[in-house]
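Two complexes, one shared chain (chain A), two partners (chain B, chain C).
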Partner chain A sequence: MLKFTNTFRDGIGFDTVLVVMALGYLVVFSAYPLAYNLLMSFQSVDLFTLTSFDRPFVGLDNYREVLSRPETAMIFWNTVKFVGLSVLAQLCVGFALALFFQLDFPAATWLRGLFLAGWIMPALVVGAVWSWVLAGDFGVLNHMLRQIGVIRENIFWLSDPDVALYSVIIANIWLGVPFNMILLSVGLAGIPKDVYEAASMDGAGRVQQFFTITLPMMRAQLGAVISLGVIFTLQQFDLFAALTQGGPSNASNVFQYWSWQLAFQNYEIGLGSVVSVLMIGFVIAVAFIYVRSTRYEQES
Partner chain B sequence: MTCQISLDRINKYYGAYHALRDVSLQIDQGQFVALVGPSGCGKSTLLRTIAGLEGITDGTITIAGEDVTHLAPRARDLAMVFQSYALYPHMTVRRNLTYSMRLKRRTRAEIDHAVTEITRITGLEGLLERYPRELSGGQRQRVAMGRAIIRDPKAFLFDEPLSNLDAALRVHMRAEIRKLHNRLGATSVYVTHDQIEAMTMADHVVVLRAGRVEQQGAPLDLYDRPVNRFVAGFIGSPAMNFIPATVTPDGGHVSLELPGQPVLRFGGRRPAGEAVMVGLRPEHLQTGPSPDAANRLTLPVAMIERTGAQSYVVCDTVPEVMVSAPVRVEDTDEIVLGIDPAQLHLFAPDEAGLRLDI
Partner chain C sequence: MGKTMIGAMAVGAATFATAAPAQQTVLDLWTIDDPGEYHYVLAEEYMAAHPDVQINVRTVQFGDMVNDLARAMATGDAPDITYIDNPEVAMFAQRGLLLDLGPQIAASDIVHTDDIFPGPLASVSLDGGIYGLPRGANTIAVYYNADMFRAAGLDLDAPPRTWDAFYDAAKTLTRPDDNIYGLAFSAIATEEGTFQFLPWIQMTGADFDDVNTEGAVRALTLWKRFIDEGIASRDTLIRSQWDSTGTFNAGSAAMAISGPWELPRMRGEADFDVRAFALPVPQEGAPRASALGEGDNVILKSTDQPDAAFAFLEFMYAQMDRVWNEFGYLPASDVTVKDPQYPEIYAVFEDSMRAARNRGPSANWPQISQAIQGAIQQALTGQATPEEALARAQDRIDRIIR
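Let's turn to the complex of A and B:
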């Protein structure tokens, strides 16, 4: 018995347990669902066969079906707009705030802490708050815009097909800014002050310092923030659920929400799987870029 | 010789803390000036105010006849070598060197020409495409120097540039910086806490304490005639011995407060009975035959350290007396020391410790 405990503690036993635990977690909660999802995308699945593996294979029929649907193109472009605009705006606002809080002024740290409020709130709650703000008839936003004379008529932010998607994007930008700001603040704090001093002695003004020192030295952080931003934005589900449910008539629908609608509202489970498989492919590509950019960081 | 940098009654406060007090300084074209003092004395702050990296509360800074007190660092045309080197980590050595020229949009030919010149001067051949993280400490130091030289500035500012190097390299770079200074005919201001660096490199040494200039002048003047006990103790290594004493009734001798009350002649006159502090440099306590046989001290020995060329004898007295002899001192219980009256300094025994005229 003692011999066994010793082997366990000093030999490879303990190491094996640690590895198996980590791998086991990944297999059960990540690899298995992914594989199961991939499998379902090639099968005809209905509610009765959901729990059995014995389902008819339909080859690429599900893929053909998804790609030939009339709403697919619209939802694809919605997704591109949602991800592109969200990430771009989150990055710009987050970077600007990070630079702003880099300045030494009273209560800077305290105010920066306040920005985290958005980050620690559940996205569903954020969605509920924004749905009040954006409400067409009694919303705060409409009231403010009317007061300062920008609009005469109320805009129905959540039910007007022309603006519904942008309403969700605005809420999502608000939600993602703190994360961008904190990550970029850390990067900015890592640039030594004397490098800026050397640059100012060498004749660089503020703007030149930003483009020749700050931006290139933030390359790794920017790469990480952009790729994580893309991944987080592709996962953004709660805001759609809380604000527009993808409507009206798919005007604000995106792949991640559509996938859920197909699988769990229409019970076209195979089709829902196809959409998520397509998204997994894209996320893997982005994750690859993220890993590359953090590797660069470790080397330097 | 024209005046290149002139500081007129510089004062600087950090909140209530008075960091620089009425500092005035004239630095001539081509001069090598060292700012030296213990840590926290304001020497780096003073250098950074010259650079423009720190503002001043009061006073005037003039560079080459132009009042730059309120100009930004980039408008002052000075180059600085930082203690940490502050190289641009994301740029190769070549791009580090040419950063200032690229900002000024100089032509490709001009830049290439300058790089060739600088690599020859600093010995950076073959390292141009490396990144700072791939260089040794000494090489980084050279890049930092090269980045300053390529600017051809009105003056060079050095902020303890050698303190991150090992001892051997430090001595080597010391000589190299001084050679470079002579060759470029540049004006240099050099901050160090190491008085040996200041003494060996500079034409003009400024000793600072608590934001105030204690004394400035040629290195050997500071060594020979320190104006107060602080400068006397700071310049010279090992530090000067201070022994409380009283002037004897004849006014030409001092009676030391050491066992046996030894009496030494100091070759001048002071009021009888005056309390003084006698300053004796360890290297001026002669273990061999003394020119003045009457002027001698016999002290008990606590310890002898021999470094080969020098022997350091620590005497068993209060205050401790240190002797630095250029000979090998044999083990002994007592040592006889001869003193040249001309090498005996007298200071006031109070806090300020001003030099007393003999």
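Let's turn to the complex of A and C:
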């Protein structure tokens, strides 16, 4: 008995318990749903067979169906545009703000704190606010643009198929900037001041310092922020639900929202699973880059 | 004080439940209503009249009902009675999950299928069986701002009856400089879009399984003109009926297509003379059609109390003459409503109800509806011509039905 408590307290028993708990959690809440989702993507599933495993296997039919739908190509490119533009703009604006608040001026930390407001708000609330800003007939943005004479006719931000996707991207950029700014601020604070001092003694200007010191020293942070940004952007669902529901006519639809529509609005659960399997593949690739970039950070 | 009261009531209820006689019948009822609405009110009344019956009412969000029911049926947790939106009855009935009420109705003194209007009756009928009783119905018509009609020189007492006249009136009423649209309706990519569009093509002889027709193309082209010519807002593509009618109430649109559920809010918000007329037809003499909304009370096949459940269904059905004034739906059967509220508008809706047609029936209704919404949106955004959009939709519908 004593031996047992001893192994538990300071021996291998305790380690085992910890590992089993972590592993058990991963298996039950991550591995099982992933495998279950993969299984469903090869089956014909509707709402009424959701709880039983005994469903007809249809091979690759679901994949063929998803890839042959006329809207698939458009939704794919929308997803690429949404992720690419969102991450790029979030990174640029976030980095610029981080650099700005790195300067020593009164209330810098205060102001930086205020920027977090956007991050704290639930995306659904952000979506509701943006939908008032972007509304076509009575929107705040159209009113402002008309007042200052930029436009004469209202722009239908949410219902014009040519602009709807960009409206969601604008809202998403606003939502993601604070996260980028904070992570990059942390990275900037970690760069020793004397490196800059030495550089300026050697006569390097601000721009030169940025490209020769700041950027290389921030490599790990930038890698992490980009990978996390891609993953968060691929998870962005609430803004679509609140702003455009992927419409009009899929003009602003993306894979993550489409997957939900297929599974829970059309009850074509097998097809919804296919879309999420395709997305998982992509996220794994991004996660791989993220792991690589943080490993570099640990080694250095 | 409020809290103590609730606490005391809860304790009282618990004591009552344990002290109740053994033969107490317990029925579980799922609804989309909130307390104070139809199912809650009628369950209270029924329990007061039948102390031996206990009805447990549970609210499920409208959008979650099908999901939650399917899950509950799979795990054996289904209620005895539930409310289902009418196009979805066929989906559950075809899978054998609903009780066929035919034999019970045949023996009933209260329910006579001949009294039920054809639209609502079709929505609960499948292969000779009757799988539910409508709790009421609703449909759509055109509300119009009589003040704007007068100002535009249109005849108040002869509202447009054909599509051409309707288009002309809407065009005349449109005043872009004052930010006033001639018409507000909903072409949103949800069930509401299908609900608003289907009657337009049904009037031309098309239907949910036959959308690639000349008449349907004409209907969709008319809708496209409303958007392209600025008669209705581009936001029609993303506005629900409730939001669209909100712009009518605010005086930003001269006409609005929607249903009777708008009336209470309209009375508070619209500070002008509101009237209504039935949906216009393609040309004089063409058959009429209107949408059929609202849902049905159904009994699940898994119930162990089919007789008690049917008795409660009969009771609810017998209250049909109260639904307009108390709950805001139209009667789904031939009853006389005494002193209806908003009598002129009631007359328009009651008349439209006779032309109301079912969506479906099809066991795959959600997918079919989605194909129709896709066609509407592709045509209105200009991604496809009405002909192409409807041909594509027909292609998908054929594959779904097959």
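Basically, the second predicted complex is superposed on the first by the 293 of 300 C-alpha atoms of A that agree within 3 Å, B and C clash if a C-alpha of one lies under 4 Å from a C-alpha of the other, contacts with A are read in each partner's own complex, and residues count from 1 in each chain.
Heads up, the rule we're going with is that a residue touches a chain if its C-beta (ideal position, glycine included) is under 8 Å from a C-beta of that chain, and two chains touch if they have at least 3 such contacts.
None of these values were measured; they are calculated from a predicted model.
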Practice task
Could you classify chain B and chain C on chain A, in the superposed arrangement, as clash or fit?
Solution key: fit
Practice task
Would you sort A:122 into first (chain B), second (chain C), both or neither based on which partner it touches?
Solution key: neither
Handout entry: Which of chain B and chain C A:48 touches, first, second, both or neither
Key = second
Problem - Broader residue contact with chain A after superposition on the shared chain, chain B or chain C - result: C
Handout entry: For chain A as apex, the angle formed with chain B and chain C - C-alpha centres, to the nearest 10 degrees
Key = 150
Handout entry: Which of chain B and chain C A:106 touches, first, second, both or neither
Key = neither
Exercise for the section: Identify the partner contact of A:216: answer first if only chain B is touched, second if only chain C is, both if each is, neither if none is. Expected result: first
Practice task
Answer with first, second, both or neither: which of chain B and chain C does A:192 touch in the superposed model?
Solution key: first
Practice task
Answer with first, second, both or neither: which of chain B and chain C does A:264 touch in the superposed model?
Solution key: second
Practice task
In the overlay, answer first, second, both or neither for which of chain B and chain C A:204 touches.
Solution key: first
Handout entry: Shortest span in Å between Cα atoms of chain B and of chain C, once chain A is used as the common reference
Key = 52
Completion exercise
Check: chain A residues flagged as touching chain B and also chain C none
Problem - Residues of chain A that touch chain B when the two form their complex - result: 192, 194-195, 197-205, 208, 212-213, 216-217, 219, 300
Problem - chain A-touching residues of chain B, taken from the complex the two chains share - result: 51, 53, 72-74, 78-80, 82, 84, 86-90, 99-100, 103-104, 133, 147, 151
Problem - chain C - residues contacting chain A, complex - result: 66-67, 70-71, 73-75, 95, 97, 179, 188-190, 233-238, 247, 252, 366-367, 370, 374, 377-378, 380-383, 392
Practice task
Give every residue of chain A touching chain C within the complex, in rising order.
Solution key: 47-52, 70, 135-138, 156, 158-161, 244-249, 251, 264-268
